[in-house]
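In what follows, chain A forms one complex with chain B and a second complex with chain C.
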Partner chain A sequence: MKYRFRDKAITGLAVVVPEHERLFADDMKLFNAPENRSRKLAMVMGYNAHRVVEKGVCASDLAEAGFRHLFDCGRIRPEEIDALIYVTLSPDHFMPPTSCILHGKLGLRRDCFCLDIAQGCCGFVVGLLQAFQLLEQDGVRKAVLVNADVLSRKVSPKDRNSYPLIGDAATIAIVENREGTGEIHADVRFDGTRAMALKVPAGGFRMPSSPETAVMKADSEGNERAPDNLVMDGTAVFNFVMADVPPMLADLVADAGVGFADIDKYYFHQPNRFMLQKLAEKLDVPYDKMPNNVVEHYGNSSGATIPSAMALNDADLLCSKVGKVCFSGFGVGLTYGGIVMNCGNFDFCETITYKGEN
Partner chain B sequence: MDKNAFLSELANILDEDGIDETANLRDFPSWDSLAVLSVVALADSKFGFTLELADIKGIATVADLWKHFEKNRTK
Partner chain C sequence: MKEQIIEILKEIRPEFEFDGVENFFDEGMLDSFDLMTLVASLDERFAVKIDGMDILPENFANVDAIEKLVKRSRAK
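Let's look at the complex of A and B:
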């Protein structure tokens, strides 16, 4: 469905990445694949380094560290936060919502609205839409959108299709009403018939985790994973992105009254470099307008990749100028969406390293 | 993209110097998920059609693959 808003803006952005870095050169040693093929895979997909949490670290730990930093620096005060939207596929518990845990730890007001959203690759787009909707209320002046995931904990290190690309991160975006920002156009679509293309089969109520769901099995290529692990149908996801995302974006851009050439920057979800380059070619957008380097620096951190792409590539630019940007996320659900809006003049845009202490 | 260009692209994907049309795809040591994805991407970008994993499962030789590409191409 299409959505339209006015005069809303991202006013600050923080990205939290864990200090612990894994290198593809080391990952490779665990794969049952010829070394030359693994090297080619790394070259094509852009695998190099990825940041993963140490054992036991939760997504909300990264988010909390980010908030503590922002409070300490005076970027935002806890009492100013009117809404906390927490988007994750790796919640601390089934019960309670992780947003409530953070609400308690951070000392937020009782009338601050807390909401968990279970979304992945499209989680920044979906979360931003939710923030915009809340900002239509007079009482909501600052909505904070958190995208946090530690899916490395769900990926088998012996799975060459998923492990080298996975990364953990939390991002915090401050979203506010701001006069004169102009129109915002958005579109989010779903195809639940293909919901199981990206999944963690066990661990929920449908298939509770048990000793059996932890047993690793090798697939036809020698990738070893258990039902407790994340698994994706890479070819189906690639075909979905190539077939369904460009027409949705063409529609969105036309609705916004602009052409692809009028967009200054495309901040897209970062599955891997290959898919982003193919997408850029299909939209006829130059590579330098669509950053594709998050996977090689940090790994794919699900809903946190779009803010990561912004902070990694354009932190100074986003604090000094305003440009027309197109956000797009696509994946888990299957969910795909985009937003075209003016973006920039942030109060801050920074990257923080999580070292394990709060 | 004509047949020769297709064969040379396939050779490149499979890390081979040349490609024998009668060869079975599964006999190439480099026929792995990366090769499959590269062929799927080639279908999408240069031939304008969606190649599903299920289609590939029914294709045996290089010649069969080319036939499928020719039959389904939109550009």
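Let's look at the complex of A and C:
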């Protein structure tokens, strides 16, 4: 469905990445593939280093550290936050919502609206859409969108399909009404018939975790994983992205009254370098307008990759200028969506390293 | 072109003989990861940009299929 808004803006952005870095050179020793073959794959996909949390660290720990930093620096005060949208696929618990846990830890106002959204790769787009909707209310002046995931805890280290690309991160985007920023066009679509293409089979009510669901088995390509682990049908997801995302984006930019060439920057979800380059070619967009280096530096952190791409590549630019950007996320659900809006003149755009404080 | 394609395939999986094989995937000679590496190598070696929509196993099942795809990609 298409959505339109006016005069709303991202006014600040913080990215929190864990200090612990794993190198692909070490990961590949765990895979059932010759080193040379893994190295070739790494060059194509952009595997290099990825940031993963230490044992026991939750996504909300990263988010809380980010908030503490922002409070300490005076970027935002707890009492200013009117809505907290927390997007994750790795909640602290089934109950309560993680947004409520953060609400308590951060000392937010009782009338601050808290909402958890279970979304992944498209979570920044879905969360931003929710923030815009809340900002239509007179009482909501500052909505804070958090995208946080620690899916490395759900990926088997012996899964060459997923482990080298996975990363953990939390991002905090401040979203406000801002006069004169112009029209915003959004489109979000779903195909639930292919929902199981990206899944963690066990651990929910359908298949509760048990000793049996922790047993690792090798697939036809030699990857070892258990039903407790994340599993991705890489070919199906790749084909979905190539077939379904470009027409959706073509509709979106047409609705926004622009062409692909009029967009200054494409901040897309970061599954791997290869997929993003193929997507750029499909849209006839130069590679340098669509950053693809988050997997290389931090890993794919699900809904946190779009803000990570912004802070990693254009922190200074986003604080000094305004440009027309296109956000797009695609994956888990299967969900795919995009937003075209003017973006920039941020009050801050920074990356913080989580060192285990709290 | 066939020789160059076989050369690229052998760079990825030097342990196999690719000439005359009907389906590399059925024979376990290539997997989905190799497919990505193969596309990147073909793009570079033949100065083409293989369309993302064409990255399907059937287009890389054997040397003839790959040759057809490269020619088609050149024509675009």
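The rule we apply is simple: the second predicted complex is superposed on the first by the 358 of 358 C-alpha atoms of A that agree within 3 Å, B and C clash if a C-alpha of one lies under 4 Å from a C-alpha of the other, contacts with A are read in each partner's own complex, and residues count from 1 in each chain.
Note that in this section a contact is a pair of C-beta atoms (placed from the backbone, for glycine too) under 8 Å apart; a residue touches a chain by one contact, two chains touch by 3 or more.
Everything numeric in this text was worked out from a predicted model, so none of it was measured.
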| item | value |
| --- | --- |
| Touching partner for A:F238 - first (chain B), second (chain C), both, neither | both |
| First (chain B), second (chain C), both or neither touched by A:K282 | both |
| Touched partner set for A:R68, first chain B, second chain C, both or neither | neither |
| Touched partner set for A:F274, first chain B, second chain C, both or neither | both |
| Chain B versus chain C as contact partner of A:E221, first or second or both or neither | both |
| Which of chain B and chain C A:L41 touches, first, second, both or neither | both |
| Common interface residues of chain A - those touching chain B in one complex and chain C in the other | 33, 37, 40-41, 44, 160-161, 221, 234-235, 238-239, 242-243, 274, 278, 281-282 |
| Touching residues on chain C, where the partner in the complex is chain A | 11-13, 31-37, 39-40, 49, 51-53, 55-57 |
| In the complex, chain A residues that touch chain B | 33-34, 36-37, 40-41, 44, 160-161, 221, 233-236, 238-239, 242-243, 274, 278, 281-282 |
| Complex contact set, residues of chain B against chain A | 15, 29-30, 32-34, 36-38, 40-41, 44-45, 50-53 |
| Contacting residues of chain A [partner chain C, same complex] | 33, 37, 40-41, 43-45, 160-161, 220-221, 234-235, 238-239, 241-243, 274-275, 278-279, 281-282 |
